[in-house]
Amino acid sequence: MRELELYFGPQHLGMVGNFSITLKVEGDRVVKADANPGYLHRGFEKLMEQRSWIKNFPMVCRINVVEPDSMELAYATAVESLAGIEVPERAQFIRSIYLELARVGSHLFGLWAYSNMLGFDTAAQWAMYHRDLVLDLFEELTGGRVYHIYIWPGGVRRDFPEGFEKRLVETLHSIGGCVPDYDACFFDNRLFYDRAAGIGKITREEAMEMGGTGQALRATGVPYDVRKIEPYAAYDKVPWEVPTREDGDAFSRIWVVRDEMIESVHMIFKLLDEMPKGDVYNRIPNPFKWRIPEGETYVRCESSRGELGLYLVSDGGDKPYRVHFRTPSYPHGLTILEKALVGESISDVGNIMISLYVVAPEIDR
Amino acid sequence: MDRNQLVKWLKAPAKMGHKYSLHAVYFCTGCGIIEVPPSITARWDAERFGVLPTATPRQANLFLITGYVSVKTLRAIIRTYEQMPEPKYTVGFGSCPINGGMYWDSYNTIKHLDRYIPIDGWIAGCMPRPEAIFVAVTHLWTLIDKDMADGYKRYRKHYAAYRANQEKVLRGLDWPPLFPVEEQ
Amino acid sequence: MDRALIDSLSSTFDALRVEVPREDRLTVQAPRDAVMSVLSFLKGRGYDHLHMVSCVDWMEEGQFELVYVLSAYGTGQDSASNPGEEIILKTRIPRELPTVVSSISLFKNAEPYEREIHELFGVRFEGHPRLTPLFLERDYEIPPFRKDFDTRQYVEDFFGSIPPVGEEDQDV
Amino acid sequence: MTVELLLGVALGGALLTYVLGKISPGLRNAFALLNALALVVMISLLYGQSFERALPLGFLGLELSVRMNMLSWFFAVTILGIGLLSVIYSLVYMRNKERLDYYYATLLFINASMLGTVVAGDLLSFFVFWEMMSWSTYLLISLRGGSKAIFAGIKYIVMSLIGSLTMLVAIVSLYVSFDTLSITELAGHVQSTTMGQALFVLVLFSVTFVIINALWPFHTWLPDAHAEAVSPFSAILSAVLVRKGLYGLYLLMYAMLGFSMLGKLAWGALSYSNVLAWIGAITIVFAAFRALMQNDSKRILAWSTVGQGGYMVLGVSVATNLGMAGGTFHILNHCIYIALLFFVAGAIEYRTGGIRDLDSLGGLIKRMPVAFVGGLVGICGLIGVPLTNGFVSKWLIYKSLVLEGRPFLAFAAFLGTWGTILYGYKFIHNIFLGQLPDRFRDVKGIPFTMAVPIVILTVLIFLFGVLPGIPLSVVDQVGTYLGFESLNVSIWGIPSETGTLNVVNLLAALAVAGFIVWLVLRAIGRSVSVDQDDTYAAGAAIPSGKYHYTVGFYSPLYRIVGPYVRDFVDAFFLKIAGWTGSVCGVTRKIYTGFVGNYVMYIILFLAALIFVQIAWSPW
Amino acid sequence: MHVVWLFLYPIVALVVGVLFLGLSRKVMARMHWRYGPPILQPVIDIIRLFSQRSASHGRLFDLGIVLSLAGSLIIVLFLPFGDVAPLSGSGGLLVILYMMLLGPLGIALSAGESANPNASIGISRKLMLAIGYELPLLLVLLAFMSRYNTISIVEVVRLQRATGWSIASFPLVVSGVAYLLILPAILAIRPFELVQAPQEISSGPMVEYGGSYLALAKVQHALSMFIGISLSVNLLFGGASHPLIFLLKMLVILMLGLFVNAAFPRLRIEQAIRYLWRWPSLIGLVGLVLAVVIGR
């Protein structure tokens, strides 16, 4: 009996991100899966210890390229909580809108990756096109397509430009108008159901045991969302729902993603309606001489892939003493994925990985 | 197709074929990969230029190194590059492979990628926009036209030096040399 | 924060320092030997979500500080725990002989965290099934996340020593 | 040249080999080889002759006779040809093994007895040779020893004995009715017999022949026997011995009963040939899927033998000249490629230290190119790839089935072919292609004497595939002997209105196209040779020795068809055997083996008799 | 004329196949809201591939691909293209069915030699898919053969001139439907594009092909597409008396296939076999029974 070892990634068309899974295979079944991260390890947390508080803002967003904004938020909140800076209410609303927009963009990227994985080019191309429309909004708002560096301690970098709200609503309407098309073509497609239902199934207990959050947990029926349980920014100002599904398989996870996207768009509309006028940032001390009092904090927020946490320690100096991100993909990609892959077919390795929304750079950091 | 093009096609079909059929090996080396999907999909559609991602290095002739290269990735990059059939072109995408970029002081990322594999062109910026990929592609066309995209020849010529650098960083490679290494 | 939890924590364990820095947060400083029992106590009280295991290098004091962040999923019927609260459990271990018992038996997702801390700080976790390298390809003399590892010096020494190749025909 | 001499040489050679072996092994080998060679030469001298002659020795007043005709000659040639190759192959393959005198003698003896069955002119000598063949085969199957081989041997001999007994009953019944056992005479008498007796004889004989031909549901002895026998003998077993069943069917259906009688024995769709055809069809499909599930190189081939038997039966039972030619030609083809494949599997086994598990091999093409070419060509023949011999015979069978309006049978045949493609490729891939494991890096090529039969058979497959006219003319003579219309055969194929076959055109087209493509590849393409380790592994170096997809090669398909293709028949037979065993256990308790007990039984029995006589005085 | 066609026809098939490849890329791009590559892009790709220095894994690696392409080239000669059918006198449907095996067999041998499990998995999928669609396909072909009582495809086409298209004639319409249901599997387009499945097994059998090998494999792919479509035109849609009309019919079928291709993801191999052995086979069986019963 000869053992077969297959490498799924890093150089693999089904691999989104620089990540590798070593599969032990018997027939077309995975017997054992070993996640092999580290292809993107840059020692971020070490590098951040070498840079001053404010210089870390361009750094921190680069941890996760798919959705850099939640990283910015986590760092900004942590710094604010250590330095005791208040954020104006309008800035809170803008942050929420900005984060939800980022969530839509990130989910569209995930949808591209997922449908591309299944060989579903048409839906994939649409999703990527719509994500680009979202990126255009970001570009207008912040000047950057991918990395925005928009959230700032004490608020956001700038207010919405003239007419931005109108264009935002128009763009979201044009994307939302395509939801029936997506449904007809992808989500309600019988073959999508056949490919995804029952695949990579994890039960609620397993998900909780292994630290699952985000869609991985919500697809098992737990309405666990940091935006609800520990609201930050303006998420407690408007009513909204946490979409869940019960089955815990790839199909449920992707449907949760779809529902979340729609919910996000609705939330943006509600936030826009409620948005107060006023300043968008509070002044902070001279950033080049900024020292933050000694202390530690742990903040968390809900990124598009799950719960993002940041443990930040200051020794009273001009640089962080220790930064440690708890990224959602970390348990998903290293613990849950290894479990979920066992016993599945080789065809479904990428399917499961992308349905768990494993993003490699935030694992490696 | 105008007349000039036709003449070029007849004169050097191989060169023209390489120009208009740049198949990039799909390798998400770094965060630059985030701009590759937009550029190959509906908005920008790189297939207009004949640029397509391929599944394996054997089928490709363009290696787009998208972003920072960690030491672990470098091994995979060298392996992938060596498996590509000649002629092959490499383009470094983003600031990080050029000189380390914002990770200039990271202990785990490669600072100058061209010390390990030959690079035919760079796209600077963090993050370069998808248009930059097309600029790079058109620039590569002129380089190919002038026979200046000769990275693979340089690799062959200086293989011993490249291999020495690679082995130094990676503490040995687990495959035999691509070309016979001669004493210099 | 639930008062009863704080009381029962300090009554069950002796050498704990419990602080409430914020209304929804509890910081517990425990000795190394008590970590597992405190963790299992907290898990029994409904704090079943291990956010992360982190490590801070307090070089001047010659100690590593291991940090466990816990909260509740809030799905258990009997638990009064609020998912919005976090408990930060900390323990200090000597820098010279950094060993601690692995918490995998309680929380499965502690496995990669402990692997990472082992790799980046050199802390040994007893009972961990695979303390193999997770991220790094090269091995470094000092684990790179320790404060005495100077990454800028390392970069200058190591990457600076690699010569450019084929400079002479670059300008053709 | 006479048949008596032929038989005498064959039988005497077998005995003499044994004796010579006691003197010197080299002498024995040389003599065995010479004997086999001499037999081949003698049988080729007998080509085209047709006679029947009584033997000088009688038995219980019955006249024994031998005969020679096209049918006998056709079968005799396959027997002796494969016998010769098998002896050549054995010279190295069996070296350093034990009990070689016994092996060679039995091998030649089996050949002689098989020859006897096909040249026997009466049913008695047919039966005697048949029994000789069965018993000596049993001896050779169990030659290796070990529980598996013994079990396989017993399985074979039990089924074979059942077959012999039914045949004996049929023979006795015929003798009682017609007072003769000569086949030619019987053929005349049978036409006048009652339907009942004809059916009785037909069914009894068929059971025998179906068992030895390993058709479903009597196939169960074959996979075990073929897998456990030594490879040169597996080749004989699979190539010629099994086909004695078809010889019997030919004899029975066409030489003895004839069309008119067969026609009378039909009730609507339930005719003898229909039933036989459906048995063949079931055998094809079932065996194809069973073979697909196997992981042992020889077991795959054994199951393919079962399946190919189905094709022959299909061809024979269609009873047109086309189908008949297809079936008969397929016997020849099958005997060529299956012997080749068993030789190849044996060579692999020989060089790798007895490994037959397809999950553990790989990459041997680099070490054993001759075996690879042989294996590939053999598998192509088995599948029936155009330009190999299997294609022509299968084409004939399909065509006759389609044109005779039996599309469902044709469907089964086609489906079996696709199953054959799957397991054939698995055989090639898992043994020869893929990554060469480290422990086989130093494996040597095939020894010369083992390569000779492989090369000869490989060449024959191509020769008969490209110029099917050569063997088809012989096959056609067999057909005409059995009373079929002569087939329109040209050297390159079969011209006809309803669909022609022209293999030479095919060959020419393929050769020209291949040459042009090859030229293009050579002239325009440039390539560098790379090592097997330099292959894509997602950007990593390949895991040494762990990079070959062998285990569960068709596992998705196994999961789908697996539950349906379990060998129910085998399980059923084994259960019966188990019951019989327990019944025998009870008997053994009674028959303890002590003389005292037997004496007591006899006394008790006599006492009972006396008591009955005294009490009721019935006699 | 006959001899000229003997050499011209494969070239025509090759050109048409490659153009179809380019056309399908363009059409697919338009369905994706993209501009799409030039129609001649496959030609450019092939020229590029031929000028690359490819890696060869041994003699069988070369011979397999040559066998595959040569096999595909000569099947074309057996298929009527309009009125042209140079070699159809040397064998009929049965020969075509068997020759269609040479293409995959060649690729299988060549890819197997490359010692890459991805390739092997691809091949095993290919063969399993083949046995998946062969089952209904055989039922369909046998229905045709029984109905027209011939195994010559030229006869089938000729008889359709008299009776109308098979797909429009009564008992064969059932078989025709079954055939159309399995056509995507024969053409290896989505949802049955699981042999190459680049996202799963890195393009399967093609994984080690580069340079001229990949070029030949692409040409072979184009040819097999031509063969699949041309077979269906001949069997179902009455062939054609003029090559141009024949091409037009092929184009229509290609477009139909592309719509299916754009609308579905790829199936797992197990699901594909289950699908193929369920409805298409059942319909094919009904069609065969009808053809046998009514044909009498």
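So that you can tell them apart, the chains are marked A, B, C, D and E in the order they are listed, and the count of residues begins at 1 in each.
Basically, contacts are C-beta pairs under 8 Å (C-beta built on N, C-alpha and C of every residue); 3 or more make two chains touch, one makes a residue touch a chain.
Because the structure is predicted, anything quoted here is derived from the model rather than measured.
Peer 1: Return the chains shared as contacts by chain A and chain B, ordered by label.
Peer 2: Correct list: C, D, E.
Peer 1: Which pair wins on C-beta contacts, B-D or A-E?
Peer 2: Of the two interfaces, B-D and A-E, more C-beta pairs touch across A-E.
Peer 1: Taking the mean of all protein CA atoms as the centre, name the chain whose own CA mean is closest to it.
Peer 2: Taking the mean of C-alpha atoms per chain, the most central one is E.
Peer 1: How many angstrom lie between the CA centroids of chain C and chain E, rounded to a whole number?
Peer 2: 59
Peer 1: Find the geometric centre of each of chain B and chain E from their Cα atoms only, then give the gap between the two centres in Å, rounded to an integer.
Peer 2: 36
Peer 1: Can you compute the centre-to-centre distance for chain A and chain D, using the mean CA position of each chain? Integer Å is fine.
Peer 2: From the centre of chain A to the centre of chain D is 66 Å.
Peer 1: Centroid of chain C to centroid of chain D, CA atoms only: how many Å?
Peer 2: It comes to 70 Å between the two C-alpha centres.
Peer 1: Check each residue of chain D and list the ones that touch at least two other chains.
Peer 2: Within chain D, residues 534, 536-540, 547-549, 553, 556 contact more than one other chain.
Peer 1: Which residues does chain B have that touch at least 2 chains other than itself?
Peer 2: Expected reply: 27, 41-42, 54-58, 70, 72, 75-76, 80, 83, 105-108.
Peer 1: At which residue positions does chain A touch at least two other chains?
Peer 2: 4, 10-13, 15, 25, 28, 38, 41, 43, 46-47, 50, 125-126, 129, 345, 364, in rising order.
Peer 1: Mind listing each pair of touching chains for me?
Peer 2: The complete list of chain pairs in contact reads A-B, A-C, A-D, A-E, B-C, B-D, B-E, D-E.
Peer 1: Which bits of chain E are touching chain A when the two form their complex?
Peer 2: Per the touch definition, chain E meets chain A at residues 28, 31-34, 117-118, 121, 190-191, 193-194, 197-203, 262-271.
Peer 1: Considering the complex alone, what residue numbers of chain C touch chain A?
Peer 2: Listed in rising order, the residues of chain C that touch chain A are 24-25, 48-52, 54-57, 67, 69, 73-75, 82-84, 86, 88, 107-109, 111-113, 133-137, 144-145, 149, 151-152.
Peer 1: Which residues, counting only chain B, touch chain E once they are in their complex?
Peer 2: Listed in rising order, the residues are 13-14, 16-18, 20-21, 23, 41-42, 45, 47-48, 50, 54-59, 61, 83-87.
Peer 1: Spell out the part of chain E that touches chain B in their complex, as residue ranges.
Peer 2: The contact residues of chain E facing chain B are 25, 29, 32-37, 41, 44-45, 47-55, 198, 202-203, 206-211, 214.
Peer 1: Which of the residues in chain D come into contact with chain A in the complex?
Peer 2: The contact residues of chain D facing chain A are 357, 359-360, 362, 437, 537-540, 543, 545-553, 555-556, 558.
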